[in-house]
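First, the structure itself, so that you have it in front of you.
Chain lettering (A, B, C, D and E) follows the sequence in which the chains are written, and residue indices restart at 1 in each chain.
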Amino acid sequence: MFIARVTGSVVSTQKAAAMVGHKLLVVEPYRLDEKSRGSLVTTGRTFIAVDTLGAGLDDFVLVVQGSSARLTPETAKLPIDAAVIGIVDAVTTAKQSIYKRE
Amino acid sequence: MFIARVTGSVVSTQKAAAMVGHKLLVVEPYRLDEKSRGSLVTTGRTFIAVDTLGAGLDDFVLVVQGSSARLTPETAKLPIDAAVIGIVDAVTTAKQSIYKRE
Amino acid sequence: MFIARVTGSVVSTQKAAAMVGHKLLVVEPYRLDEKSRGSLVTTGRTFIAVDTLGAGLDDFVLVVQGSSARLTPETAKLPIDAAVIGIVDAVTTAKQSIYKRE
Amino acid sequence: MFIARVTGSVVSTQKAAAMVGHKLLVVEPYRLDEKSRGSLVTTGRTFIAVDTLGAGLDDFVLVVQGSSARLTPETAKLPIDAAVIGIVDAVTTAKQSIYKRE
Amino acid sequence: MFIARVTGSVVSTQKAAAMVGHKLLVVEPYRLDEKSRGSLVTTGRTFIAVDTLGAGLDDFVLVVQGSSARLTPETAKLPIDAAVIGIVDAVTTAKQSIYKRE
């Protein structure tokens, strides 16, 4: 899994039938700053993930990829390869708390 | 999943038998502009995806990868790892609408 | 899937028993030229894929990755993650035919 | 699989129900130094993996990705794509021991 | 699959129970030299793969990734995403033999 920030949303009306009613989020994977490991920094990449937890804009979320994205009750059998499986409250390293949700 | 622009198509006559009759699109993944997050920009990569929705040239589409590409009625049991599961109508971020289909 | 050029072959005698009799090709993924989208250019990467279609050296082929590489009759149950599922006849973009097999 | 160093942990209270009680580690993949192959160096990437072995901060661990992350008794049926399947005691190359756990 | 050189090994005593008795190799993926396609060059990446064929240090091997790594009799049901499925005897391109095992 990876930590990502919710940066937007996608609307699609012509889509696979099973996808109707599922919210599509634009998520941007983050990583630890390589030098200090004291903050989260963007990777600059963009993925689209299905959300079943009500994540909001700018939230950090935990995203699962691949077939495991279908292993929640809400996403079983969907033709998806990425889903939000958690909203991140805190990220801690040896040195400090580097993220805390307000 | 990722957002991609349809940039072409592929013709193959010698192919796995199950692939007969399936349309193969050239798709180019896009990402949010890393600085402003105000537009979609190309990643420069190229994938081939099966289309079951009638996507046209220059359309932005939602592409699923891996085993989940086989989770639509039309693609079940196909030897494919990428399929179009939606035609994108709009992409919205905190600041603005960054894409709207005409 | 991705488009790749067949650039060589691999011989292995000590191998998983199920692999006996399967041809192993060296394939090099190609992408559209990012500026003009008018030609196919190499990505510089190298994969090994099982071939069941008789692809020849320098042919452009369609390669499937992951578990779906096992979804053809000839490759079912093989311990492989890449297979040739088509020989490419033509690639066309908005502007022009950018590849045509001779 | 890849070798990664445990660099932190993640707390999430709103999450997929099956994830309750599972520890989430921040792990950073390492690779051999390309020139000398005499030490492990960071790749600068960040993943989140489920731990079932009690790995501690700064431990090097073996991380499995994809559907196989669900192939341990503790992680079966979880919506995850990365799990710790071993704590690394030693890494040895032709020339020398390049890592030994204290 | 990809071609990789065996560059080391990993010892882990605290590990998923199913992994007991399985040899873990450090493998380094190689690719064709992009200019001449006349030699194999390292990608600088590092993976850990299970070996069931007795590959030795500096051998070139064929590595399968993902769920297919579980498709050999020895690796079925293991929580692994990479396995050696062949020891490479020779790699040949249009121009020449670029690798031959001694």
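By definition in this document, a residue touches a chain if its C-beta (ideal position, glycine included) is under 8 Å from a C-beta of that chain, and two chains touch if they have at least 3 such contacts.
Since we're looking at a predicted model, the values are computed, not measured.
Peer 1: As a quick test, compute the distance in whole Å between the mean CA positions of chain B and chain E.
Peer 2: 32
Peer 1: Express in whole angstrom the distance between the two chain centres, defined as the mean CA positions of chain A and chain D.
Peer 2: 20
Peer 1: Identify all positions of chain C at which a residue touches two or more other chains, and write them in rising order.
Peer 2: 66-67, 69-70
Peer 1: Treating touching as the only link between chains, describe the layout with one word: line, ring, star, complete or other.
Peer 2: ring
Peer 1: What is the sequence of chains around the ring when one begins at chain C and proceeds first to chain E?
Peer 2: In ring order from chain C, with chain E immediately after, the list is C, E, D, A, B.
Peer 1: Using the touch definition up top, name the residues of chain B that touch chain A in the complex.
Peer 2: That would be residues 1-3, 30-32, 34, 37, 52-54, 62, 64-73, 75, 83, 85-94, 98 of chain B.
Peer 1: What residues on chain A touch chain B, complex-wise?
Peer 2: Touch list, chain A to chain B: 7-19, 24, 26, 28, 42, 44-49, 57-58, 66-67, 69-70, 77-82.
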